[in-house]
């Protein structure tokens, strides 16, 4: 049985804790800067409370570490976990900025491939089925990817300044989806952003509506559409088009009922409200993958380098927005634009 | 070019008249007991007004006759048309009662197979595609058929007494669909009927809600569901289930838009309001089939004998309802139940 | 925490055992006539092995009993469990025959309402959403119910003789759905059955293809269609039609992908293979309902009387099939037909 | 009755000729540089053959002109038609190049608003329903538009050199859709193009796979995806997202059947093969709109200025592709990029 140290005791930590127990792992100890949070989650999971990250990492029964702290502490937690010889899984993003992400990768060296970066959407059954269709050649050669990703409502305004902005906070997932599906690194990026949902967001220097176009060296194209608000719920769709066909990963529904009335003519059931429900399965499958990888010594399917590449895309998207121009992307993730 | 005499100038006559001109036929003359109706339709179609059925039938340029008069005159019009040596197409039903239908068939003799009986639903593109899937073996051996057929609203109450009742007036179409798809005559019928839509319908001795179960000698089953009212529009669906699969002919939609809002999550567009819109294509294709059959001397795909068999089923359904028992059906359409 | 005795250690017992632990209950002891089965499930759940039903029932930590034995022992297990003062949940069917079911009810007296009968489909999210739409008046007055229920493949031939036949073994679930939705007891039943899937089934005196029509005193109608084989998977659909609309509980899908190719044009993903997957959620919700009912002293939403009524309908369906006639149903479940 | 001169007797001319007669108009005379083509279409429509454009335009019974000649003669035909005092409808594009289009507009002056430019997709029932949803405020303020437009197969290679390239030949329709829906002129455009379908297309200097991002001054965004090949048929979809919801104009289907088998689980029917079938309704409604506009003196809903603006967008898309950069768009359609 895998014993885990949880670094962080917030909402996502609780989601992961449940998945850990369902997957047959055991939370051994919990650390959080906010003591009561750690205490409460420790009580629920039958774990001890650690007084420091060090104490948590060096607990004798701990084989693996889950980093679910605030973004600015991810790098340090990862590095300490690796140093302590533990298997490490870290919530996205790898780091708050590109330079931090680069520093992390530099410090990790070859270990970067052993850090499981929690891009949970890769484990969603529908997105994974789409990916499989791409990989097995079901749609021939992939040519165009369209990713639509809209939140039901913007986050609280006081969260936004520390969020890093839409590209780093929200579209980061879509960048990962795009790279994962394209199977090639993008060589150019162009972004447009607007503030249409809430002018307050604009006053904070952020955008709430965005579209990004990516292209690869072989000519594949990807388009990402984001909005911080969707009246009809959490809108998460991917379209992969290829030489032999197309696969859509459409929004799943709460149930399979359809309704007919004088104003509704076979309407499917509502979309899921937000990521907790929508991606519940993905969180469970992600943890299962992490734990079974630890048990069998298999390297994670998504690692810190993916964290670096998505950070690079987010940074470049921001630059493209500010410059009003497309940005050429490099292989080495070094920022190459001048603002 | 085929020249037609229209017997009847009501609503369905107008529908057919349009289809005739689109199909390259020509309405030569129009007869109706209501003179002004004939006059108006004749004017619209550039046809003459006939003063009698005889005059219409013996017009030199008339090759074919379309009988769209009131049900009680169908038999006479058909017989006269055949006697005059014309190709005849007759609106459903063949006759108001089973005995009238039998009389018609007896009088027609072998000519029964040459009278085109206008069961238009056979020409609906979706129902026809389903039939094709059955015939080509796409679903293996057909085993169960489910026909759902609901009108948006009951007809005017003053129409009902002369309608012949739900089984003869409304379910007659579904009986034809069932026979057509089963490819075998039913050997038993069981019906249930209720008055749930409007108590006035019950006072007139009719029902507005019905279900019927049919079975064939080889064990195939068909179920028909009817209602005189559907809040969501004209509901016309068929399901054919077989050893290798299933085909559904679902309700077509006014357009292919889907709507999302805070209360609607991908709702398809509305159903068609009623048969004029829903079955518009079928009326056109029906007339095309009739005219091309006349031109090439091909016997009609649906004929007066189909009119007799459906009349028999409607009569038996009524008997089953009154007796509260299943009715065994005969090959010869002779009423075999005792009430 | 609720402690449970599991009577039976077969496949369904394992399904329930998992749900019990997920719902926060605890399997205390396991009994099965086949010792190794009990031992293995006990080991997996950390429970003891009981040497007899008595021992299991009288274990000090046991508050509740789950009867998952073979059908012919259900009644005895239920009665013993109730006598031992435990909360009892019993897998369907209540008893192998109507007379056994009646004996059980007679012996239970008022306790019949306290026995949770495991008609799991009531707890399926989609069927439950449909039921809610009926109950809240969303579709007005319910008028017609259509239940389609097809297994992917027939059970092993050697299972069939002890199954009690299609009506008792398979359609029993649909009878429960029909009663649950209609909200009234049917007053008549008519059934048709054929052997179209496998002639061996017919040789065993059973059918594999059936349709049944039910009607209530107020004129509501329900139709049930069953087949022991569906090429496309486990087909489980319900349609509820009422004065203000219709709700369909359609087949859920493995994922929400849709596929396009030169032969497929937006095809949804496959149906679930069989009940384990399809109704997985329902088993979990059913156990949660049972355990929370035990904890709060709430009587079960579906009880032994529902088991009696469905047994009555299954028996009547068989009689209707043999007699070729509709059967009038009584309030008191006494078999009223003469064969 | 409106009498029409048809300038051009090719495939699209035939499509329009049918629609004209169905809409109650009359083709009076036909001109084509290829005499036999004119003769044949004249024969079919009961029209005369004109020996020159002038003769066609000055025919006494001609009120309206339909320009369906090759693109390089559009401008001259339009100008001559207007000079002759006729109502003019012209097939897209307005002109082969932006400068030709600008010359046409300059020559037309205020008459530009009276030339009906045949962007037929505006008259498609589904796209029009989507537009209506945008206009009535059903989805609140429009924020993002996604247009996917894929041909089933590339045109013959020998057509491509004279086509003007993908942006002018194919995406021109999508530019019109984007402008129409956005309700504002785009202020920036960015395009990516690849040759993934057929390397021969690349050798001809063209692309076969493209995506374009547009933005307006108020921050609305539109994305267009094009491919010259789709294995599954003619793929024509539009998504309009706004503050209160979303409307999709999805691909309509040949029929409303859905298929289930061991490999297909509710697959809808095939898409339409190409524009003739898919947009058949739009051609009919377009002609009806033109004729009724002529009859009532209503200016056309889409005119030569729309032709100029789409030509400008196509030209700018080409420039963006060559420069690898976004292009700022001007109000006056003057090419503002330097290559």
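Letters A, B, C and D mark the chains in the order given here, with residues in each chain numbered from 1 onward.
By our rule, a residue touches a chain if its C-beta (ideal position, glycine included) is under 8 Å from a C-beta of that chain, and two chains touch if they have at least 3 such contacts.
In this text, all values refer to a predicted model and were calculated from it rather than measured experimentally.
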item	value
Contact-richer chain pair (by C-beta pairs counted) among A-C and B-C	B-C
Longest centre-to-centre distance from subunit D, chain (CA-based)	C
Between subunit C and subunit D, centroid-to-centroid distance (C-alpha), Å	58
Whole-Å gap separating subunit B and subunit C, where each centre is the average of the chain's CA atoms	41
Multi-chain contact residues (two or more partners), subunit C	230-232, 244-246, 251, 253, 260-262, 264, 266, 269
Subunit B-facing residues of subunit C, complex	140-141, 143-144, 146, 148, 150, 188, 190, 192, 194-197, 209-211, 213, 215, 218-221, 223, 225, 227, 229-232, 235, 239, 241, 243-246, 324-326, 328
Residues of subunit D touching subunit B in the complex	22, 125-126, 129-130, 133, 138-139, 244-262, 264, 266, 269
Touching residues (chain side subunit A, partner subunit B) in the complex	230-233, 251, 253, 260-262, 264-271
